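You will see chain A twice below: alongside chain B first, and alongside chain C after that.
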Partner chain A sequence: MIVEGKQKIWADYQKDIPDDHYFYVRSCIRQSFWPASEVTFLDIVRNKLGKDFYENAYHTTCGGIAYHSDSIPQETAMTIIARQFALMHESGYENYVCSCITSFGLYTETLETWHEFPELEAKIRQYLWDSCKKEFAKPKYLAHASDMIYKFRFDIAKQMKFPLVNVKTGKPLKVVEHIGCHYSKMFPSKGFGGAEYPHVLVGMVEAWGGEVIDYPERRQCCGFGFRQYFVQANRGYSESNTHKKFESMEPYEPDLIITNCPGCPYFLDRWQYVIAEQTGKTYGKNGYGIPALTYEEVAGLVMGYDPWDLGLQVHQVAIEPLLEKMGIHYDPKKKYQGVNGKDLGMPQCPMHIKSV
Partner chain B sequence: MKENILIIGGGAAGMEAATQLQKMGLTPIIVEKSEALGGHIAQWDRLFPAFHPAKDVVDKMLDQVKDVKTHLNTEVIDIQKDNNGFHAVLSNNEKIDAKAVVLATGFDIFKAERKQEYGYGIYNNVMTSVELEQFFRTGKDERINNPKKIGFVHCVGARDVKVCNTYCSKVCCTTALKQACEIKEVFPDAEVYTFYMDLRMFGPGYEDLYLKTQKDFDVKCVRGRVCEVSEDMDGKLVIKAEDTLFGKPLKMTLDVLVLMCAMEKNKSIDAIQQKLGVANNSDGFMQNSDMYLGMNSTAQDGVFVAGACTAPKSLPDTIGEARSVATQVYNYINR
Partner chain C sequence: MEYRFKGHLVEELYKDYRIKEGMKACMNCGVCTAVCPAAEFYKYNPKNIVNIVARKKEEEIEELLKGDQIWYCGECMSCVTRCPRANAPGLVIMSLRKLAMRSGLYMLSEKGRQQYIVVKDLCSNILNYGYCVYPRTFEYETHKEYGPVGKWINEHLDDIHARLGSNLDGDGPGGLRKIPKESLDQLKKIFDVTGATELMEQVLGDAHEEAVKENMTDEEYFMSVYTTNNAEKHLNE
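Up next, the complex of A and B:
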């Protein structure tokens, strides 16, 4: 591996991101899968970094799941997006940041398509007016939320309490970075580091003391792939994708996986359980799995958030071995407590993959 | 009739044009930006399809131009035209007056790192066809350490919309097969694979080379493009491709991967080309006045082109064009 080669590519694919004042839109599936990640993101940027990130309760899904599943035509997705942009405009913002990778890809695709085909943009303006009586302005800047954490990664490092270092050995944790396909594979110039060697997560990991693993199936899809999973008959294909990745990363003995997509951490997490149930094989040490976390969860951990406030108990793979490696104290009794200490009940333990 | 003819570029086209112009009684003057004449061919070990030593050809060409006035390590930095002809200023501060100009500026090699998915400059054992040729010449390259499995990727930077080069680079197919045979000569036990889109064996003896590659050297030719390259824990390369004849994806571990880099227009001449008023084609190469009958002339009176500055060309094509440009210039001077 020639690190200088990657550094050159990273230098070629940089973006000049506005420092402040963003209109933030959530992800429809992240709110279900990882509800604390978006809350943590907003807490970090607003309260820890003092930035202005506004959200509007009337925003909706971007339509990306339906669009990529061929359930709605592109014009419908574009009209939904136009409505989101109208909400941003009405709220007095010009910079748009979204939580979901697929949304980011779809917003980028939409803006690029309108740039190439202005007549289509005019048609969408009419659709939006006919359906909602709204007018939109295109954002001056479009970012993904992971771009923001990347931009502020050194500011976060200044507030870091638990670096990505094994407290027992003093060595950096070995981290697999997994980028959502829609981040930069369609438009390489829109992502930090481009399409082949994205830097957005690598930059975070390195700024926070970890060591990134480059393994042969790094670029492989997590297995979600929309129709690979949504079409029930294809789910074996989804699982085999994930299986291929774990077989490839296993020899490197990663401590955790960091992701920036709604679906990737879900499938990298849940399929480990299924693979273990089917084959008895686990990929972490001592019968545990490898934790697959969102970048907000990793940022929250290094900044000293309570692991259960970050929602790490909703992961299938047990997080405790990672917490112990990082020297993070946690209260096992609070793992399955909800708001105001409400007992949520402990889930049934799987047969093969170890839980605490 | 000792008219000066300015030849920009001292590769195969420039040297051969100078040789012929001198024989015709004109005074060619070669301006070459590098430290020696010979161009890309001087860096080559053997030539397809007959494995002829490149040095033999280059030495003969050099001998033919030994009396031609040559400026090495020199570029044309300005050029003007008036009723008396062309007036060039060189980077060594010399000035040349010439009745005609021959652009023989050749090509650049496509920068393999632009195809990021192939990992050139990222993964240690990915190399270019030019670097492999240097290994054949010198026997030295630390990446080549008794390899057991070697792959060649055709069309790197050619026939590729993603890098805006839709043209065929013409010589890479035959070069890949030549190099595949040569690497088998050095490492007879190695398995060698070439990944191609189409094998364009267009010249005399080329199709025979293709058969020889498979029958005598047991090189496996796979029709399909490599889509990504990565590195495993042992530093070996893991490639993914599609075998389009079998209709199946393919994954393979290799010790060395060789990228057959395309020719691109030599952009270092752009400023002078602009001053001379010679346009480019949509593929970026220089535009001649007619692809059938005016392949050596341009839209500008007294400005001629020869060799790979107008399109990718093999050495025989280039020599042929250099000889024809000499005739064109001779006729122009004597019009």
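Up next, the complex of A and C:
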């Protein structure tokens, strides 16, 4: 990687991002599959960094997944978004931050489309009034939650307990950064570092001691594809995309994958399991997979959160080899326990990919 | 055959803001096809589709809307980044899909008929729970790739979400909280005034009619569409 060239590109795509006071909206997929990630995010920004991130209980889905599955019209998605903006305005906030990448892309597309076609914005204002008797103000600033962790990456580094370093070799861990497609592929200027060399996750990895891997299919989609996953008949598309990425990254022997989209870690995690069960092939060492983590989970690990509080037990790919490389102590008996140590049994072991 | 907007497909298509945003002058470089994940696996070529839309010929648009091709795209929007003329083939596809559904022509293709699945599942999640994806309706039995850990999560859903800090179906803020009735009512009204309810009812009605024709219950038809995959017809060699 020619670092000087990329630094020049990154310099063209830097955002001046407000320091504090955000209206926070959740992600359908992150809440469902990685619930502890949003808990960790809010704990870091509110309690570790002392920032104001407000959540309004009346906010809902943005409709983005339905919109990109072509299940609802564009005007419907835009009016749901307008309602979210109205809630922000009613709550006294001007900066808007969302947990989901599909949402971030859709919010960006909506604001850009309204800018280009003001008559459509006027139509949506009328729809919102007719349906909810609400009026909205557009956010002064729109961010993805990973932008916030990127912005505060050096503050997090100051509180770091376990850097992204192999404690046995002393070398940086090798990290694949995977950016959700809708973060900046549609509107490169809206993402840190643009679409070609996004810096949002690179910046975190480097600030926390890791080394980013550059590999051929770095910008390849994880394969979600919306209808290409929700309809069982189409799932070969989704799995094939993930397979292509893993074949491409395998020679670089990554220790972990960090993602900023909530869907990508699900597919990069679960399709590794399926590929292993179908073919016997695993992409980590000694029969393990490569952990695919959210950026909140990685931030939590380096800051010393308990791995099971971070929800790393809900990944199919075992996390233990990574914890051992980082020198993080964990209690294996607590991995599958509920509140107050409640016994929840444990998942069955797959045939070909090690799970503990 | 008869269908809605017959003779006016081009006119309807070009009313869509995504066509206005996404269709400029294509220079036929084919970069969109080169970078497209769908084009690698499916018999799919976004450059050709953009050319057909640019030609504005009614019969060519009708053929597109009747076929499987427009349903292969994964809407990753990788094409948007790469196009040197600032076209957005992914947005063009979304416009075509919407018109295929409104015209009824989507029912003539295997991949088009799948809209029944996503409309039924995602719209009911939004209207009933306020989420596009909701864990109580995401079942291991229809998502086996969720794996043994997913099965374990399904079996201990409340305990695991409680352990990980969710407020599953609870009051107030927090992850997976119960969305207040007032908010759900507003989502329903938004669906009503913006055309989502009409589209949803049309798709569910089309599916029901097809199920009756094929002597199936709605549930049997759902599973048939959910699982039917004539792969040799769709995939590249």
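Convention: the second predicted complex is superposed on the first by the 356 of 356 C-alpha atoms of A that agree within 3 Å, B and C clash if a C-alpha of one lies under 4 Å from a C-alpha of the other, contacts with A are read in each partner's own complex, and residues count from 1 in each chain.
In the analysis below, a contact is a pair of C-beta atoms (placed from the backbone, for glycine too) under 8 Å apart; a residue touches a chain by one contact, two chains touch by 3 or more.
It should be emphasised that the depicted structure is a prediction, and the values quoted were computed from it without experimental measurement.
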Comparing chain B and chain C in the superposed model, the one touching more of chain A is C
May I ask you to decide whether A:Tyr197 touches chain B, chain C, both, or neither, giving the answer as first, second, both or neither?
first
Between chain B (first) and chain C (second), which, if any, makes contact with A:Tyr252: first, second, both or neither?
first
Applying the touch criterion given at the start, work out whether A:Phe154 contacts chain B, chain C, both or neither, answering first, second, both or neither.
neither
Touched partner set for A:Arg219, first chain B, second chain C, both or neither:
both
Between chain B and chain C, which residues of chain A are contacted by each of them?
195-196, 219
For the complex, give me every residue of chain A touching chain C.
26, 28-29, 31-32, 35-36, 38-39, 55-61, 63-66, 68-76, 79-80, 83, 105, 113, 116-117, 120, 127-128, 130-132, 181-182, 185-186, 188, 195-196, 219-221, 223-228, 230-237, 239-241, 244, 270-271, 273-274, 309, 311, 313-316, 336-339, 342, 344-350, 355
Sort out for me which residues of chain B touch chain A in the complex.
113, 116-117, 120-124, 228, 230-233, 238
Hey, which residues of chain A end up touching chain B in the complex?
1-2, 4-6, 8-9, 194-197, 214-219, 251-252
Residue ranges of chain C in contact with chain A within the complex:
16-18, 20-21, 37-38, 40-42, 71-78, 80-81, 88, 94, 97-98, 101, 111, 114-115, 117-119, 121-123, 126, 130-135, 138, 142, 145-153, 155-156, 159-166, 171-177, 179-180, 182-184, 186-187, 189-196, 199-200, 225-229, 231
